[in-house]
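Naming follows writing order (A, B, C and D), and every chain is counted from residue 1.
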Amino acid sequence: MALRGLLRLGEVAVRVLDMGEAREHYGKRMGLHEVMTDAAGQVYFKAWDEHDHHCLVLREADSSGMDYFAFKVFDDATLDELEPKIRAFGLQVERIAAGVYPKSGRRLQFMLPSGHLMQLYAHKEQIGNSLGVRNPGVLPDEGVIRGFRINRLDHALLGGVNIDESARLFREVFGFDLSERLIDAEGGQSLALFLSCSTKPHDIAFVLQPTPGRFHHVSFLLESESDVIHAADLIGKYRIPVDVGPNRHGVTRGMTIYFFDPSGNRNEVFSGGYVHYPDTPTLTWDTTELGHATFAQDNVVRESFLTVLTG
Amino acid sequence: MALRGLLRLGEVAVRVLDMGEAREHYGKRMGLHEVMTDAAGQVYFKAWDEHDHHCLVLREADSSGMDYFAFKVFDDATLDELEPKIRAFGLQVERIAAGVYPKSGRRLQFMLPSGHLMQLYAHKEQIGNSLGVRNPGVLPDEGVIRGFRINRLDHALLGGVNIDESARLFREVFGFDLSERLIDAEGGQSLALFLSCSTKPHDIAFVLQPTPGRFHHVSFLLESESDVIHAADLIGKYRIPVDVGPNRHGVTRGMTIYFFDPSGNRNEVFSGGYVHYPDTPTLTWDTTELGHATFAQDNVVRESFLTVLTG
Amino acid sequence: MALRGLLRLGEVAVRVLDMGEAREHYGKRMGLHEVMTDAAGQVYFKAWDEHDHHCLVLREADSSGMDYFAFKVFDDATLDELEPKIRAFGLQVERIAAGVYPKSGRRLQFMLPSGHLMQLYAHKEQIGNSLGVRNPGVLPDEGVIRGFRINRLDHALLGGVNIDESARLFREVFGFDLSERLIDAEGGQSLALFLSCSTKPHDIAFVLQPTPGRFHHVSFLLESESDVIHAADLIGKYRIPVDVGPNRHGVTRGMTIYFFDPSGNRNEVFSGGYVHYPDTPTLTWDTTELGHATFAQDNVVRESFLTVLTG
Amino acid sequence: MALRGLLRLGEVAVRVLDMGEAREHYGKRMGLHEVMTDAAGQVYFKAWDEHDHHCLVLREADSSGMDYFAFKVFDDATLDELEPKIRAFGLQVERIAAGVYPKSGRRLQFMLPSGHLMQLYAHKEQIGNSLGVRNPGVLPDEGVIRGFRINRLDHALLGGVNIDESARLFREVFGFDLSERLIDAEGGQSLALFLSCSTKPHDIAFVLQPTPGRFHHVSFLLESESDVIHAADLIGKYRIPVDVGPNRHGVTRGMTIYFFDPSGNRNEVFSGGYVHYPDTPTLTWDTTELGHATFAQDNVVRESFLTVLTG
């Protein structure tokens, strides 16, 4: 059966310290397409191969970090089904009317145990990927794929407390798989949990942090490892601060590069990774292989990668 | 919600004229791993990154073609739910006990309107992808990824009559999306239908043919376009008859090469293609763009590709 | 010792039937940079990573084909040394004063035994590759690498009579290596000869044709096989007529695609190929492996590739 | 004119602390082909696509580092021509008879001003690249390209004193180009010098060090950036200590990874880089861009890369 319930991470709302610098970073350099500025001055972006109106919302603020993230669900009835289940799980659910969020249908909003504001919505205006739907072809016009050649918003990694509880919500209420986990080799405590609602190795992930509601990174999908290398070349050209990469994750097996936006929010572009199915065994990494789990091409444990978060 | 219902094409049973040549082709050259020969002399193969025991079964026979194809479903309860629905759709369903098919739980079997024998099963012995599930790493030992560097069985294209009816079964009973379709520009008749139960552009596809039960090709997933080129080099080295490629499909946007096994069955290896979701608009190609729909890098309409099938 | 004598194919002059279409093809689509139009209406192009002012000159005419090709030599003294040797070989040499060809120093011009007009020059204005020479960086600004992402003019394949004699000039007078040759398996006659003055598998090549002075193709270097695939996607998008490819040559081992400009002149873009040195053995292909020698990924002998030439 | 004089770096002799570990590293893991052990227990390796008998000689010793490096020259007459010129430059030249070095013709040996023992030879037994010279094909049999998929020995970077003098020998006596240099932004002192005798960005390079005769790294050529990533995966799998990478050099524009053999000798595998010609302007980097010059994808100045050498 095709995907039902929660389909994908459809929107991430990020706080930036300077909107001009942020537009330069996400638009001109990364090559996301700026599609709208709202009355409050928030700026909206989409990746070229997405059909929905936007996937990234930037808000200028005094601190960086993530305001909320939102999953698109299959249909309106899914929202009706999920609302009581989320309440039954023990969370308060706020109903947000259609139109409050631009181009968007009604939403449900709730705070995860890990301290992250999450939303669900079933509808967002579709503006297409520029190829059309009749004899669409395979390549858009020159200039559409630009900058880092980003295809799609892919996933986010969130840092917080009680990550087992957040993961339990995704597994028990939203029906996600636990594709991988990183545990403490001594006590067995969950240090990072990777959850999939698709054939991707993860659609959302949580990493244990001493404080709730932290933002580790938002990740965008590239088409190939060649494009990862190309993005790395541009990152170097623009002197964008690099956290790690290019390197390959042990977890997910994706080829990755981490870098920071001008406000200090971590971004990732990546490509590859294995195909996950519900019958794929959960993969478990422990801290004896922390280096290989995180960066499998040099096995270096990078303190900054584990401790620098925003929000 | 993670995938439920039908998960993926899990098994294709192909007839070959000479088992020795077939083992050379699928095992030594393509690099699939031979895992078993059964009492009847059938030979079983798996791709390296699959966890299940096998994905391809070869039977020596007087004619080439496909005996059946099988989808793995989420669990046993799924079989119970689907059986009456398939009957209600109008098909006869045969129950096959666990163990009749080696390493496999019980199966449901039925004949599609297009003339193809289809099976469903929920269980198959898992032997893993050789990486293990605890600190698995990202690369298996040398020799595991070999030949064409095939990751997984991906999909099949089946030729037959009444393909709209077969597609209706997949959409209405199995919950698949119609991701793409090729229609006659004049009459609007469906010429080929592409159906997805995942984020892949297709998990199964049908192409209209004058006779039922025909086998167009079975397709295997490679990790990158580099691997498509590498496979093409090996195909040329071994003088494997090539049908088309390397080239890119308009439909699915995958980079592909088609070739024939020694019995004349068409194989595909491919990489890439866009990410499909249930809210992705169905893409429609018509015969005015038949060349671009099939092979978008030269737009040539290849008669053989449309008319040469086995089975 | 660094390269001396003839350095590289530095300029090809091609006749086109319609300059507007040709500018669209070579400039907008292939992505070469138009740098000048001269008083006679000839249009000049360069590839992004070349330092010299131009590598391709287009002239509107009633027939397609090649007017001349020119090698850049190490210095002016090289011209002085070569002139008597070319005469001693038996060819008439015309001296062309500096400035007759725009941005160019003086030239020597002579007709090859195969019927092709060849020039040598030591100086051409250098305008750089846009990266500069002080802390140049690795990637030019966006828009500089565009279209087919062509790095450089690479080589030309010329069709004609007496190709052994033309090759003898390159070997004995110009000091080229015979890197590869294709011979008739029966009589041993040379059908194609590949000559290198560098570590490239060929800098110039000749293919036997019944008439002199024919133009088979001009070839441009891409950075990677990924870029070959990208160029193939654009070729398909623009409905540029494809001759062959993507495919890999047996000769040179390069990954290639052949296509035609709007006037019917054949172009190639390619990437890869082995490293040639003077002590690399000459590789000999014969007509029993004509398919593999030309297109090693499917071994098909393509009549059009061997017989369609311009000029 | 095809290459004359010094053709290429043909042999590097490296000291290792434990031959068993070294054979595992260079043979089993990197995938070089072990071709011989001599009477003294030295072990010889070749890369698959080279025609000469070997390119790497390992000697077990109490300290790591490089014993000597050797360039292959065009022919015996080249040795005769060069010997007096090297003496005239001020170096003592030792003649080594044919056969002293196995599979090798006579050699000239001299000490560079930077403190490195250099040899020249014109002949080494050719054993081919396994493809043959008649209808060779493009891919060797499976198992020939293995491990890191190394094509060739490419270059070495040597650390020492008086590097301007060593470079002057290569430029004035051997006719190399200075393709790139890194200088102190203040005093203009040469910190690293890159020299080419081909179309490669460098065939040999020197980096200033406080002591003579130091060995920075030996470098091997891979066919593609995909292969660099594949090598990085294997490096991570085998827990080979990584110095830097994957990353792209500013100097040469090659995509690289640096790692250490079990004795602490630095190795590089790389792919790509621009095409150099004698008329390509020398590129100058200064210490204000030391990060970008060395690793252009993150611009980080890595102390270890500049200070850790063997020998």
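In this text, contacts are C-beta pairs under 8 Å (C-beta built on N, C-alpha and C of every residue); 3 or more make two chains touch, one makes a residue touch a chain.
On a predicted model such as this, the values are computed, not experimentally measured, just so you know.
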{"item": "Copy-to-copy rotation for chain C and chain D - C-alpha atoms, rounded to a multiple of 5°", "value": "180"}
{"item": "Chain separated most widely from chain B, comparing mean CA positions", "value": "D"}
{"item": "Same-residue or different-residue interface between chain B and chain C, half as cut-off", "value": "same"}
{"item": "Chain centre separation (chain A, chain B; CA means) in Å", "value": "31"}
{"item": "Whole-Å gap between the CA centroids of chain B and chain C", "value": "43"}
{"item": "Distance from the mean Cα position of chain D to that of chain B, given in whole angstrom", "value": "47"}
{"item": "Multi-chain contact sites of chain A, meaning residues that touch two or more partners", "value": "137-138, 224-226, 233, 236-237, 248, 292, 296"}
{"item": "Category of the chain touch graph - line, ring, star, complete, other", "value": "complete"}
{"item": "In the complex, chain B residues that touch chain A", "value": "1-8, 49, 51-52, 72, 74, 126, 128, 133-138, 151-152, 174-177, 196-200, 221, 223-225, 248-250, 253, 272, 274-275, 277-286, 288-289, 292-293, 296"}
{"item": "Residue ranges of chain A touching chain C (in the complex, touch as defined)", "value": "137-139, 142, 146-147, 224, 226, 233-234, 236-237"}
{"item": "Footprint of chain B on chain C - complex, ascending", "value": "225-226, 229, 232-233, 235-237, 239, 242, 246-248, 255, 257, 292, 295-300"}
